[in-house]
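Both complexes shown next keep subunit A, but they swap its partner, so subunit B is in the first and subunit C is in the second.
After this line comes the complex of A and B, so read on.
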């Protein structure tokens, strides 16, 4: 930008030796200098409005006793300092103990879902790496779960997982005879497995999509050279595919982690209003803590803690991976 | 994404921004009202069909156009909270009458003081029991009754006849006996919605009344985990547990229609539901010849301190939003909706009970089944606790029961201690919340 503003044509310089004081040129220079900022301004404003301001409001809310008595007029809500945080972090009390349990459920859920989605994604991606008949169709076909609206997709799972009339039990019990008695999938301890499977089903196509894009950028020569050298397919995968995908994987895993940790829709749509404790992931738990007890201050405190946790994990992850990258 | 979760939690604020549901934002200020109706019919579309003729008549009479939005039950409370936060809500709206005191505490609705009541022709014309569920005692109510409902025991006549049962059960013991006689060969004595927290909470309250439980002390503090409440829940949970007359699958029923379908298909012989269920049964091919309605059973003898209550005062109330740009028009609409003619039209369409006395005698409401509901509402109903925390009480107790049903369905035994622990936890959550 600066480059365009400084070198003025010599002819012009001759006519106006004191160039900086020329209002026209100076004005143009100023405009050019500010133009980029002007261009990003709408985006910055929207970002502030849509993300930053609600986030700050949320942080503010976490210091208030915001209940049905004050929800109409927030300014009347009493300031409680760190009380909401104290209740949230008192793991001996009901609220704290349940948050801790929900946190545990979420960690387990996230680890399984991210690992499985990534593994399936890379497996399918590598299978689709070389052209073959029907590759285009299969690629599009695999993206279906990701392209479907969350509600439509998950509510279908809800029907399939019903105990008496669901397709899952029909296959497992009536056709395959794997169980004597029809298991429950939407309540009790199996609900965790149901939630995990549905979440993986929804998420892996995204991992597949990103990995597939990454695989396109690996030059074929590398594989050709490797096979001439007699490298097996497994060796090629370890020595070429994985290292070349490294930058993609780094971002992908982080994104998968954040999405899964915050996933609200899957659990909420799958189980409706009564999410079983075994499958109460943290976002659902926070929603319930805010809306069920109409205590928005407490819910906000939990959200702020969650935000801090995710920031920490993300920062640690980025630090770790970039160091390893340099090493 | 990090922001996303926080945004979800600041939902009150966000929803406020998102759901700008302009109250009176029409160009013809004062000539339009926005009305949020609850889902009373068999579908949201059905509600619109039922209500539209009445809204047209209102427009003819007053020149005020009513913009109708029917809101599903799953969303209504969140929508009301969002509207309360933002001040951008409808002019008039329906609420579940059990939430009266909870929503009254928000200050979002116009209080019906003497002058306001005059604008809707006073309270003298309303059914007394329905009026008992319009807000905390000693304060101006912030809603008036619109549709009356109560619980009754539905029973399948053919299944009863087949099992040689002549009379519907009047006591819990009889109900269990009858249920056990019918249960077998894929058929069950009784059906319920084990994961629907509102249903659960209502039953917890009704059984609690019968056992003498008092969920809130006089000073308004919660007192859920009493031996009476434990006994009440045990009685209801045992229908699936110890007595085995409820299909364990019912523990995952949550949408309010699954138990009705079980009953309509002849898979279960009895259920405890509200009057409006009759329309859903009709839709599924059951006529009033096929089923009877009896009062909900009582324990015999009534436990010490127990009350002969067989239903809570169920129903829908109507409120005027405080931020309405057209409060006079809104009150006019409330008066219209509670007038005898509209009451007869709408309540007979929904299968609910009129809440004004001059409509109650209409022949439309003198059928065998509705008479039972009406008598129950008038004589044997108690209002749910009229305290600000009522809404939380419903969700907490109802959810606790859903968990207990899930345990029973998975083959675990649920003891008194388990019930007490769940109730204590609910109690503690409310205390933290309040």
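After this line comes the complex of A and C, so read on.
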């Protein structure tokens, strides 16, 4: 098969660059026909191995009773049909109630984080739309939280949120005197607020980065014409900036949503292995119920439901935004 | 074009607040890493009692940080290399050819972006363990397993971004190379790739950052010998909570390469994102 020889040709052809009419042309034609498939093959194989096949197996696993007793020989695990889903979606039972609670936490977390990150991003972007001294520096500086490896940034926050030797309590209690008692930030009901603040701190720079790029592609003439017509800054923002950012905002919000809804790192690194229920977002919840209780079947069922939910929301979102864009 | 005074002040105040919010955690990280341990055990101090570089020396002996570092470096570099190579070929084909399955492939690759990692973590874990029992190929708890996993994480974004880049390079360049007797692979290597260098570099940085920062899979797929910084550092902070100066020093050390690379290349990353978004 000529097709198997692909890695070699570039080198060979370099030595004999001008032989368009040699007898190998027929073989080369066949090779050219297969070439696209050949070049795309590694990507296909890797996607199959790491994403597609495991996903299919994961869906299969969700129909099995996979616990610490059956995990060794998981192909022989008993088939239980929709049992895992029944347990998961029985919101009267423990597993279902916990999942529902975690889902609620995740939705609240996602809505707050995405809305705040986007709003801060656009606020900073608009403030920095026109040149001023120090703009280049600030632009790079604001990106630091996003550029830091997630664990390094979150560990720093973990330190700041420590009850006795953290910065947050030092400022709030010792310096401002807002509380009589030092609050706990990493356990109990405050943990949700902590998680949200840390996530926004890390995510808004990304929104800012993308929005800045979008703002720069808006021609200055538009603003000049508008201000000659006497349009105020607020009016210009509504009539020029927002409509021109629409295509970018559409993708940006979807990406922010997917990242935040699937976010595992922030909660896991901030709270360690014992994430408080108030801050147990869905991926942490699934992780804990799979690897702590070793109930992989149940974990898979929850993952599948999560994927279905994300697919549904994304599809609805794309449908909605594209229809509005046309209308 | 004069802007109203209120806007100027809004900008000053707004950007000052954002600068402070961004700066405080960074300040905590840097200043704490230079503090003696007494300073981080009791109530927080803005100003260190004395400056010391001891934490930066101690981190290498308190935990096997050098081993974590080496693991992270090997895994991230290898994953980056393979991911970029695979993405270049796939992106070139998608950009230049109309072949059967092209649409399906692009959609599938893109949609894997939205899969929750947790969904294929468990099956992948089982695949790796079973593969080892069947064939003896060790993937679980090895760097190779992590490399294979990580390279696919950055593939979708890399392919998407490179397709955008390749599309901006005129086909006439390829055709000129064909006239010279070069095949498609030659045209890719000698004409298209040099013109797309910024895109390739940006994709490489993205892939490196993704691998360097990954926590979820690293926490399940590694054991002590193959542990990466992402997991090692976290175990460090829960294990020896009192040595916060060392934890901060370690965080700083592992951040520097990534932050430097990112700041250097953020412009290209945005170009890729927006060019994909607009289309």
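In this section, the second predicted complex is superposed on the first by the 289 of 327 C-alpha atoms of A that agree within 3 Å, B and C clash if a C-alpha of one lies under 4 Å from a C-alpha of the other, contacts with A are read in each partner's own complex, and residues count from 1 in each chain.
As a working rule, a contact is a pair of C-beta atoms (placed from the backbone, for glycine too) under 8 Å apart; a residue touches a chain by one contact, two chains touch by 3 or more.
All values derive from a computational prediction rather than experimental measurement.
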| request: In the overlay, answer first, second, both or neither for which of subunit B and subunit C A:42 touches. | output: second
| request: Using the touch definition from the top, say if A:32 reaches subunit B (first), subunit C (second), both or neither. | output: second
| said: Just checking: does A:262 make contact with subunit B only, subunit C only, both, or neither of them? Give me first, second, both or neither. | reply: both
| message | Let me test your reading of the model: by the given contact rule, A:217 touches which partner, first (subunit B), second (subunit C), both or neither? | response | second
| field | Partner chain in contact with A:176 - subunit B first, subunit C second, else both or neither | value | neither
| Should A:94 be classified as contacting the first partner (subunit B), the second (subunit C), both, or neither? | first
| task | Spot which of subunit B and subunit C makes contact with more residues of subunit A, would you? | result | C
| query | Which residues of subunit A are in contact with subunit B in one complex and with subunit C in the other? | reply | 51-52, 54-55, 57-58, 61, 71, 74, 162, 164, 258, 262, 264, 272-273, 283, 286-287, 290-291, 296, 299-300, 303-304, 306-307, 310-311, 314
| Residues on subunit C engaged by subunit A in the complex (per definition of touch) | 1, 3-4, 7, 10-11, 14-15, 18-19, 21-26, 28-29, 32, 40-44, 85-87, 89-90, 92-94, 97, 99, 105, 108-109, 112-124, 126-127, 130, 148-149, 151-152, 155, 159, 180-186, 189, 209, 212-213, 215-216, 219-220, 229-230, 233-234, 237-238, 241, 244, 247-248, 251-252, 254-255, 258-259, 262-263, 266, 269-271, 273-274, 276-278
| message | Quick check: in the complex, which residue numbers of subunit A touch subunit B? | response | 51-52, 54-55, 57-58, 61, 66-69, 71-74, 87, 93-95, 162-164, 182, 184, 186-189, 255, 258-259, 261-262, 264, 272-274, 276-277, 283, 286-287, 290-296, 298-300, 302-304, 306-307, 310-311, 314
| Complex contact set, residues of subunit A against subunit C | 6, 9-10, 13-14, 16-20, 28, 32, 35-37, 39-40, 42-44, 46-47, 49-55, 57-58, 61, 71, 74, 120, 123-124, 127-128, 130, 132, 138, 140-153, 155-160, 162, 164-167, 169-170, 174, 201, 205, 209-210, 212-214, 217, 223-224, 227, 232-233, 247-248, 250-252, 258, 262, 264-265, 268-269, 272-273, 282-283, 286-287, 290-291, 296, 299-300, 303-304, 306-307, 310-311, 314
| message | Residue numbers of subunit B touching subunit A in their complex, please. | response | 1-14, 74, 77-78, 81, 84-85, 87, 102-103, 105-108, 195-197, 247-249, 251-252, 254-255, 388, 391-392, 395-396, 398-399, 402-403, 405-407, 409-410, 425, 428-430, 432-434
